[in-house]
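Across the two complexes that follow, chain A remains constant while its partner is chain B and subsequently chain C.
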Partner chain A sequence: MSDAARMESFIGLSQALTGISRSVLAPDLDPIDLKSTYLQTLDQQIGPPATDALLQLYVDLKQQGLSDEQIAQTILEPPLPPPPAGIDPVAQAAQARSIMKMWLLGSWYMPTLPGQAEDLSGTVISANAYTGGLAWTIAQAHPMGYSELSFGYWATPSPPLPDGIPVQQTPPPQVVVPSAQTQPSAGGDHA
Partner chain B sequence: MRRIAWSVALALACLAAAGGGLQGPAGGAGSTGASPPAPACGTPPTSITLSPMVPCDVNATSGTLQGLQNDFDVYSWNSFIALNWPVSASGAVEPGVKIGQNGDNPTVWETWSESSDIFLAGGAPPPPFGQHTPPPAACQNLYTPGMRVVTQIGKTLLEEDVQPFKTGPLVDQNGQYTRFEITVNENMFDTIVGYQLYNQQGQQAYASAGNSVQFLCGSNPTSQVGAIMAKAAWKVLGKGDNPGRFHKVQALVYTPDAKDLKDRCVLQTLGMVGLHIAHKTTSAPQWIWSSFEQVDNAPDQGQVEPAGSHFNYYNAGCKGCPVNEPPPRPWNASIPGQPATQVERVIPIAPSTAQLNQTAAALLRSVNPASVWQYYELISTQWPTQPAAASTFCPPPGGPPVKKSPALLNETDGNPAPQFLANATLETYIQGSVPNVSSSCIRCHHAATATTGDTADFTYLLERAESVIAPPPAPSTSGGMQ
Partner chain C sequence: MPDEKTYDVVIVGAGIAGAIVAERLGRARKRVLILEAGPGIPPNRNDYMQSFYMASAKVVESPYPPPVEDPETPLDPALQNTPRPTTLTLSTQKMNGVPLWRDPKRSYFLYKDGSLPFGSTYERVAGGTTWHWVGTCLRLLPTDFKERSDYGVGVDWPITYEDLMPWYDEAEKVIGVAGDQATEDILSQQTGIPYGIGHQFPMRGIPPSYLDQTLSQAVDGTTFDNLPVLVSPTPQGRNSQPYQNRRVCEGNTNCTPICPIQAKYDSTVTLGDALQTGFVDLQPQSVATRLAVDGDGRIDHVEYIQYQKPNSREGAVTKTARGTLYVLAAHAVETPKILLNSATDCLPNGVANSSDQVGRNLMDHTTYLAWALMPEGRPVYPYRGPISTSGIESLRTGPFRSQRAAFRIEIGNEGWNWPTGDPYTTTLDLINGTNNGALNPEHHRLYGPALVNKLNDLLTREFRLAFLVEQEPDPACRVTLSQTYTDHLGIPRPEINYNLTEYTRLGFQAADRAARQIFASAGAQPFTTCDKHNPGTFELDGTPYNYYGAGHVLGTYRMGASRAASVVDRLQRSWDHDNLFLIGGGVFPTVGTANPTLTIAALSCWAAQSILSALPATA
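The block that comes next holds the complex of A and B.
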């Protein structure tokens, strides 16, 4: 796989895993270029062969015509049939979760297999990764002391989420107003 | 959240710049003339050109990061050439004389109003554009009208006696402090004066009316120049300096009084070592930031220098010198022979920019092999990859002021490219690549405010406004206190 194809697959895989559009993960004009930082981190942490295997899995699933959601489900919840020799789907699922954490938190967490103690410490990948963690954006917040907005922004409502970050539209919880007969007495028993 | 592609941004910019009105300061050089004025700027060519025409805006021809960076770097060089074009004794551009034709020349940006001519003691109204206030008392015996007076010692020094040396002085190899000055073009001057933003009461009244400080934007389609600031760094030329490699001025160098030392004023020859050009345009409402240096300032970090190399701010023989650190206190420009600052460039000039620098130097040399301008280099151009909407941030010339709104406060810094930009003479001690700590023109100036605490459209100049001195109370006629 060429460098360009690797990067393209990594962006596609990241979009499938996070649900966040490539326009956010890898904008056309990208002076900070976190995608390159993260792919390099992946290579360093799990090794280029394991990275290539994961990227190839994404390419294969994409070629089968699967949607991003189906690809993510297949990778994160591997099917039972025995995998090809040399491939460990459970390990790949753990690696995929580390990729998700990387984009969201700007930190690297070692992939954790079932039964292993989870890596809770993590390592901040870089200063840019810390400020660029997408959890800040999704929460419509920012790292302490680092906001891209203008002075005085705190006096106004947060700006809407950027295009490319899906907003889960959930219906508001239904408020059930108890009838007068079933409503408990607010004041307790009074003589 | 808004994310405007560059092609869309440019189209919107054209529309925004076409607006009109009668209420605010007019744009361009024709604000006071009755006859149709000559365009103050023009659409820049796509290559470096010897022309006195100031680019109104970038001429973006590419859609890629590298391609656009090249477009902005070309814009920067064309701005540098136009703003350093020769002017006559009256301050008029001399279109018949090329830049550097006589080796060196007085320049366009040096005819603009200096910050100390605008933000006066007691909040007084400034003199007309391009005219200067009287020099400090210590300079008056040496002063003749038209003479330059350089007073600023630290980049963030507001005035001689206000919170000096936030980032520390820069001392050259001859032990002399580097001096700084900021000038603004007529377009920006008109906005400051037109809305009385030169004193605190004017700023308060402007803000209380719900207005947001927004300067006019340069526009190629309408030939509107927009607001431009120039920030220069100067060194006193002395031992080891080759005057033929510097743009020079004879200026009165004023050093304010300090502990046990009276203020001083000396006529000296200064060589320009750094020049920032900041320009608000419709395609870059976060402004375009071009940074130039004299080529002898400092080597790149880790670069091995041949024996005998001369730098303005680096001594190859000083192995143990702390690098990019302010000199030890006390800081006092009056004390001679102070330890020189050892400066290294932390982020090297990008190869594509270096290539353009070679092209520009050859072009400038073709005018005159002795041109001083061939000894300047572009460090980089910083620009917003996600430009703000010109329709929100660019008031129409002569139109009403922009009103405060959440959209203004929620505008980002535009994800600047390159992420960091430092001039070795102007951001010496904050070079590097750590967000929020290392120098980024746009990120830093994005936080600028006026004295009201409201955003100030990427300029810290408005913080210099003083309060109007209240007149003494009228004598009581009621017979005094009971």
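The block that comes next holds the complex of A and C.
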């Protein structure tokens, strides 16, 4: 697989696993380029052959015409029939989960096999990976220690999620106190 | 002996207390030396921020040197020049069957048999622990100063609220406290604090979070133990407008462990002002070891070890510093450590310790943590804004104080980050099919849109309350010196005996009751659990409770009206040595329920004036 094809497969696989659109994972303008950071991390952590096998699995399933949902299900909940020699679908499922955790939390968590204790502490991949963790976005918040918002934003409900993060949102509840509360300049008349 | 400059005042410790005194003395053209055990003021906060970003466990100490090692490869405190206690050692983890807090190779503190772990930590760097305070700027209540007289509990302070009131006003200016008139009115009505005629906070208040507003609507008007329950905005040491050349708060939700933009005050601000007077020298990497006393009972000099490289003894030399007056502002654990380490044949109890009170009455605001989930369809959008913008202050005092400890309630804007480590724990649970955070009881393994939906639904409904329970003073809760263990410079490490009296424990019982009631009022589902494997666990009436540190380390060299029963007088001057002042949280005879930094700052402003009066007039 060429480098470009590898990257294309990695983004497609990541989208299938996380449910988050490639427009968020790999935007056209992408100076921080976490996709490359994460593919490189995967190569370093599980080795290029295992990475290639996982990417090839995605390509094969995609070519079978499976939807993202079906691809993710097949990889994460592998069917029981014995796999081809040398491929361990259970290990691949664990690797796929580590990919999901990278995107959501910006850390590498060791893939673990059934019966092993899960890696719960992980290793932060980079400062950009921490601040790019999508769990914060999904929470309609920002990484703790990295906000690009301005004074007083916290007084009102969060804006809706960006396109590409598929949340069926309930509309924000009505603001529960007089609107003056939500204006920074009027803050404090909280009786 | 190298040339030794003689100073008017030698201060040990470059935290908020030392910085305030240094700045005021420097402005009055007094020559001041500050000895700081750790590194000086960093040129910017980028290194600290990088350490924070890269830390797997983003605990309060994670940005600061020396680096907090992964528990798998810890740095032995015996190999550190300036070790400090860490929250990582208070985890449920054990190594070879030994809890980390009990292992001298992990824990800076040693513990007496039968002790509970002390829940709070501190930093040994210029700026001190204000690097990671939340910024809450509440005052003690008038009745907090006379608890013995009013409730028959603890001791009275030798000063009154009225004595301290003008210094509180000063301290609010030093820190830059944001608060509105309405906030002041509410606090006055609910807690009996007189703010004084014409009082104004230096800048307008910080807007309450959406969570604060939601809870306010749910609980205001209810009562608990015949007291009104009322959410009120907190006066805070963070900027609502540019102040002291610092920026306005952008709600990074990271007041602890570190504000990325210094919108929240820390004492490097005052330290910088002190240095700019031209009369103050700050000497970092200089660990005070002992005070030497002359034949007249006056402090003759401070002995300290200056080291060249962190955690290295290479080139480290023992030196002395001399001044007319001496101020220990090293922290409520480190100051008694220095005093006790100064024992001689003539002073077998150590310096300033004829009362035998040095090191005793170690206190904290032991914290009861309660967490809940708002009902479905009622998100409160946590993980946004300053860590806390409001609290419930209306339960801080009442007749109940003759029976059980009081508390204030801090409303947290950071979801379940403190209680469960979210958003990490729930994200991992939903991916792994585990239930460590209790939000995945059916052990679903989710992916794709179902994962994103579930995460959004849960994380946006999380909130927590922290009950800062007033700890009753107990002379048996104590800092002494280890006879066995030292740091890398050979200085004995603190040995702690810590416990909670029944009075304090009863405060937890009431806190638990109040939490359930508040959650019920909000229609929220409680998730508070007690993990018996957590080292911070005690029992009351057969019920276990977890407790946490508030970072409020207090009470180890109390002020008092009598030299027999206290270490310093009402001016924070040693009863035993008239050229020695001891300042900082250690002087608190009781702790009340106000986060202590504002009171420490107020007392330090007052101490600066007393010190100035005690110095000969400048020629």
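The rule is short, and it goes like this: the second predicted complex is superposed on the first by the 166 of 191 C-alpha atoms of A that agree within 3 Å, B and C clash if a C-alpha of one lies under 4 Å from a C-alpha of the other, contacts with A are read in each partner's own complex, and residues count from 1 in each chain.
FYI, a residue touches a chain if its C-beta (ideal position, glycine included) is under 8 Å from a C-beta of that chain, and two chains touch if they have at least 3 such contacts.
Only a predicted model underlies this, so the values are computations on that prediction, with no experimental measurement involved.
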item: Touched partner set for A:Asp30, first chain B, second chain C, both or neither; value: first
item: Partner chain(s) touched by A:Pro162 [first = chain B, second = chain C, both, neither]; value: first
item: Contacts of A:Ala72 with chain B and chain C, given as first, second, both or neither; value: second
item: Contacts of A:Leu105 with chain B and chain C, given as first, second, both or neither; value: second
item: Which of chain B and chain C A:Asp3 touches, first, second, both or neither; value: neither
item: Broader residue contact with chain A after superposition on the shared chain, chain B or chain C; value: C
item: First, second, both or neither for A:Tyr153, with chain B first and chain C second; value: both
item: Set of chain A residues, in rising order, touched by both chain B and chain C; value: 127, 131, 145-146, 148-153, 155-158, 161
item: Complex interface listing, chain C residues touching chain A; value: 49-50, 52-58, 70, 179-183, 185-186, 204-210, 213-214, 216-217, 231-233, 240, 248-254, 257-258, 260, 377-379, 381-386, 389-390, 413-415, 417, 423-425, 427-428, 431-432, 434, 436, 445, 447-453, 455-456, 459-460
item: Touch list for chain A against partner chain C, complex; value: 16-20, 68-69, 72-73, 76-77, 97, 100-101, 104-105, 107, 109, 118, 120-124, 126-127, 130-131, 135-136, 138-142, 144-158, 161, 165-170, 172-173, 175-177, 181-185, 187-191
item: Chain B-touching residues of chain A, taken from the complex the two chains share; value: 23, 27-32, 127-128, 131, 145-146, 148-153, 155-163
item: Touching residues on chain B, where the partner in the complex is chain A; value: 1, 3, 5-6, 63-65, 68, 385-386, 406, 408-413, 415-419, 433-436, 446-449, 453-455
